[in-house]
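For reference, the structures are reproduced in the following blocks.
You will see two complexes here that share subunit A, one where it goes with subunit B and one where it goes with subunit C.
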Partner chain A sequence: MPHKTFFAFILPSLIAMVLFIALPIVSVVVQSFHVEHQRVLVEVENCQPFGGCTTEVRVDTAAMAKIRAEQPMGMFNGLGTYFNRGHLAVAEVGAILSNNAGFGDAVSRIYNLPFYKALSFTLVFCFVVTPLAMVLGFTIALAVNAVPRAIKGPVIFFSLLPMIITPLIGSLILYWMIQSNGIIGATLQNIFDDPTLSLRQSPALTWGSLLFYGVWTNAPFSFVVFYAGLQTVPGDTLESAMIDGASRWERIRYVIIPHLAPLATFVALVQLMDNFRVFEPIVGFSAESNATSLSWLIFNDLSGDSQLFGSAGATSVITIIGVVILLSPVLVRTWREFNHKVV
Partner chain B sequence: MKLMLKTTVSLGVLCLTAGAAFADCGIEGAGSVRILSNDFEALRLINTTAGECATDGLTVTANATAEHKNLQVPALSINPAEYTVAVVANNSIVPLLNDDLIRPLDDLVAKYGQDLQPNQLIKIDGKVMAIAFMGNAQHLFYRKDILDAAGVAAPTSYEDMLAAAKAIKDAGLMDYPLAASVKPGWDLAAEFVNSYLGTGAEFFAPGSAELAIDNENGLKVLEIMRAMTEYMDPDYLTFDANGILAEYEAGNTAMMNEWGSLAGNALDGEGAAEGVVENTVLAAAPTIGGGSIPAVALWWDGFTIAKNVSDEDAAASFQAMVHGISPEMVAANPAVATWLVAGYEPGPAAVGVIATATGGARAYPMQPYMGLLHTALSSELAEYMAGTEDAAQALADVKAAYDTAAKEGGYL
Partner chain C sequence: MSYATLTQKRPLPLNLLISLFIILWVVLAAFPFFWTVWGSFKVEPDFFSRESWWNAIFGTYTQAQTGGTFTGDGYYGAWVTREFWRAVMNTAIVTVSVTVISLTLGTLGGYALARSGQRYAFWILIAALVFRAMPHITLVSGYLLPFFQLNIWGVLPTSIIVLVAINQPFTLWMLHSFFLSIPKDLDESAMVDGCTRFQAFRMVIIPVMWPGVVTTGLFSFLLAYNDFATTSMLLSADNQTMVPKISSFLGSVQEAGNVMYAVAAVVSATVPLFILVLFFQRQIVSGLTAGAVKG
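What follows is the complex of A and B.
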């Protein structure tokens, strides 16, 4: 295809990508470099039904309107927001590293900073859920591939259910089941004979529930892709392997897995990216006290009585950088393979 | 589909015009009234009553949503504003004031506000900025039968509550006699604010945004908050206000601080276990640390009129809302809320809020940076309440988080 035709062909999607992906990201980056103007505060008399009149501080809106008209973006703060306590906390981490009572103390104090607390859970979620969900998805795909044709349809439908259910609803369902009067929670209390056992209270058990939910909800995606891949496994090779006396396990290990390896790379890529943005289960499980994620930090900055757009922007940019770092090994490999083929 | 749409629309118009036939709000001229409010029974009632003012030339629409706080600033910033009326409370009026999005109502009050009482007028810097119509507060709900069985008197302070809880637990009457809405997030922060107000101390250094809770009052409040958790269901960190009401109605808990606006639900007996409703007593919120005032924040709900709308729409909106909170509406619905409107006769569900207000409880602070403190409290106290952090560290974390946010918000 001539370059010109190719360009004309992709121009519409290129425009859409610039408008809906590139420009918003640029705007978030610019936003993250700014904070609110220094507020002009005045003391005024304030009367309300309870407590009568008192003198309270208010923002001088006329003065603020003037400042805003001059600099509508807010005050330029450079990378200040990135390095403050809510994000990378450079000063705090430095102080902890230079003055601590051993490794454990330093780790627990760094974990106490909101960004590192969120990052820890986000990374654990990524690296535990992604491989487990892929293994589970692959196992389901193998199993479904082996069931008789007559019941294949319903089995596939049920295997896909976790993906069909809205993530927030799915997490709420599991959350209600693990309550102390829910079916799983009550059973566990019964088995361990401990009426105070609560999956929602201890940090470790909350993490466990969230990871379990993550595997449950992510497995169907791997299953669908691997199941599609299984249909392309060459029958000849499998048959010759059988003639050579290969067991089922050996056929999987030496024929199917190598055949599906490129697909696995693709699934890992998508799943890592998805899991790095984990958010719904934290809200669904009301797990904020024990587990937070980068996306939850953004949500927290933008909800509530006062919104911090600069802070949310900085966390978003850090999230994007995190995704790029996570994907870089896979991207580099794909790039090398591509070059290799061209040569 | 199209037919259904048509039917729905014509039915809606029919309802509105039918309402107009009965009501006479006396609004002259054409215009548009668009109300944005939170979503609970009292506000829905006001919106419906204001809707009676619709005439051929005047449309009245209302959007009652729990997301109102996130909608109001962008919706009122545009010109003309998306909504002409924003229904607010102590905290949600602050963002509107900070961005200068609501108009002074003095002229409208003089012209159309004959039914309003002086204490309904929220005055800021001498100008009326909002009209309050109902009060609300968290206050004590307790089970008389359980307390009697344990042989303890009605609690009036947090210390009494802890002693009573111990007696109930020791007597084997209940495993978890206490409940509080301490779910990390808005609820947990509100619990701290409530108790801290009861100590009589201020949150900020006078006249500035400098935080001042890192003192013995703050430590005392945290100590009591954690002491209470010993008598709570182990899942306490996931309970919000609706969660503890359900626990209470199920008969699992004997004492809790719960919203006055939910007292009606608690007393209507729907979904309650046997013996809960008839033994429920509503009382003023408890005091803390030997203080004399109920340790709780008082709230008002009121309406404001957007700045970026025409004067005609503003006048029509004001009249429609005054009709919505009219003494007639209140006389017909005394049990729905603790009204601040003339001629209101408090019903049994309002006892707790009124006792709390007459006990001298303080209002939820309206400083422009209070929202930032609330957010800082909501995320930084969670670990302390879970028992994985000590009180001094929790207060230090709150201060650090607040300072970071206040610097970014331009207050420090």
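What follows is the complex of A and C.
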């Protein structure tokens, strides 16, 4: 296809992506180097006829408005925002590392810094939910493959629901059930005979319920993909494995799993990408006191009265770097494959 | 012998185990929805019962407060009192526009990518893959300041364009791999017969591309419908779509003791998705697997 025709076809799409994805990334980077203006303070002398004079310090709103209009981004701050207490907290981490009471103490103090708290939950969510959801999805796929055809349709229908549901809505539905006055929460209180038991009260339980939500909503995708993969398992190979005396389990282990391995890489990649942006369940479960994520930090900076663009920008840039690191194995592989194809 | 016939000779305990497991999973997947739909027709002391959840089944307090075992009060409160219908209208406008525009841009772009063997086409695809992985909220923090300055923050068209752009990487990938599956000879023979590239696309490719477009369209629709991060930050309170509206319900409604409004709104927002899966189950499944089997 000639270059001119190619660009005529792709231009609208390209413009949309450049304007609303590439430029915003630039804008995020620029913002992250700036920080909000300091308040302009003026001393005002306040004299009353009989009380004498008092001076008080006020915010000069007129001057503030002028500065804001001149420099809407704020003051230039360089990498300052990246290293402050709300982000990488270099000074604090250094202090903790040089002066702590053992490994556990250091870890728990670093965990209490907002950025590291969010980072640890994000990573735990990614690397716990993804494998668990894949194992569950694979098991469901094996089971569904074994049932009569008439049942398969309805089972697939119900299985799709947790995946297709709006994340915020899905997490609200689960949250209402596991609240202490919801059906699951109340049942758990009964079983453990502990009327104060609440999934929100301890960080461990909150994390547990968020991870449960993650597996619930991620499993259907693995199920559907693995189920489709199972249909392509060659019958001949299975048959010869049977003739060679392979048991049911050995057939799964040595025929089916190797056959599905490329699919598993794909599923793992997509789910890691999606889980890295975990955000809605934290809002839905109102879990922010016990669990936060990188996306939630950005959201929190942007909402509220004082919008901290610099701080949100710095967290965004760090998140984007995280995404690229997560993706790098795939990018390298695709690049090699492409070069291979051209040569 | 196919895989299905091979595995028919299963011992009884294994069959029981499989059935049990499937029942367990279906309950796990579907029960929360049915429970919430059922509960949305009750009053708050029943659905969030402090005594026993049997109240939610028998509707003890619903009977006492309204005279019947089911009540539509939650729905009335959400749709009429709190004007949830506005959010529904906004969602309809946003999702339909986003789907139509993304598909238009995406089919053109995806077709070009599938038919060009150039190096830059590959780089566009790789960039799209990285963009696809980007958490949406990171982009939102880049939009806000420029949008405030241009004075286009808070209105529906802005969110629509932003969602279209966020959607493009996925749409391009999906349609690109779909167009790869349409044989090159088809449009090339049309061009041999004297069509220009665009005529070939319009007269030969468009008639055969609908299965792929429908599948991609479903996922564009879902992305626009399910979005929370972008719409909650980019729309003013009057223009909110359903999902941000529900989230803003939560804060104000919990204090006023009207949690049931939020429950009713949540159920209302789930219904379209239910219908979507009911009618397009096959397309959704094929869309999910398309990328996987080829990739």
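Details
Keep in mind that, in the parts below, the second predicted complex is superposed on the first by the 269 of 343 C-alpha atoms of A that agree within 3 Å, B and C clash if a C-alpha of one lies under 4 Å from a C-alpha of the other, contacts with A are read in each partner's own complex, and residues count from 1 in each chain.
Assume a residue touches a chain if its C-beta (ideal position, glycine included) is under 8 Å from a C-beta of that chain, and two chains touch if they have at least 3 such contacts.
Computed from a predicted model, the values in this text were never measured in an experiment.
By the touch criterion stated above, A:P72 is placed in contact with subunit C alone, subunit B being left untouched. Of the two partner chains, both subunit B and subunit C are touched by A:S303. Once chain A of one complex is fitted onto chain A of the other, the partner contacts of A:R200 are limited to subunit B, with no touch recorded for subunit C. Looking at the superposition, the partner that touches the larger set of subunit A residues, subunit B or subunit C, turns out to be C.
Of the two partner chains placed by the overlay, subunit B and subunit C both lie in contact with A:Q179.
In the superposition on chain A, contact of A:Q38 is made with subunit B only, not with subunit C. When the two complexes are overlaid on their common chain A, residue A:H259 makes contact with neither subunit B nor subunit C. Shared interface residues of subunit A, touching subunit B in one complex and subunit C in the other, are 179, 303. Residues of subunit C touching subunit A in their complex: 1-4, 6-7, 10, 14-15, 18-19, 21-22, 25-26, 28-30, 32-33, 35-36, 39, 47-50, 52-53, 56, 104-106, 108-109, 111-113, 115-116, 118-119, 121-122, 124, 126-146, 148-149, 161-162, 164-166, 168-169, 172, 197-198, 201, 222, 225-226, 228-229, 233, 243, 246-247, 250, 262-263, 266, 269-270, 273-274, 276-278, 281, 284-285, 288-289, 291-293, 295. Those residues of subunit A lying in contact with subunit C across their complex are 1, 3, 5-10, 12-14, 16-17, 19-21, 23-28, 31, 72-73, 139-140, 143-147, 151, 153-162, 164-169, 172-174, 176-177, 179, 181-183, 186-187, 216, 220-221, 224-225, 228-233, 235, 238-239, 242, 248, 263, 266-267, 273, 276-277, 279-280, 283, 294-295, 298-299, 301-303, 307, 309, 312-313, 316, 319-320, 323-324, 326-327, 330-331, 334-335, 338, 342. Residues 69-70, 90-92, 94-95, 97-100, 119-126, 132, 135, 175, 183-186, 204, 207-209, 233-238, 298, 300, 340, 357, 361-363, 365-372, 374-375, 378-379, 382-383, 385-386, 388-389, 393, 397, 400-401, 403-405, 407-411 of subunit B touch subunit A in their complex. Contact residues on subunit A toward subunit B in their complex (touch as defined above): 35-39, 41, 43-51, 53, 56-59, 61-62, 64-65, 75, 77, 81, 84-86, 92, 112, 114, 179-180, 195-198, 200-201, 203, 286, 288-290, 292, 300, 303-306, 308, 310-311.
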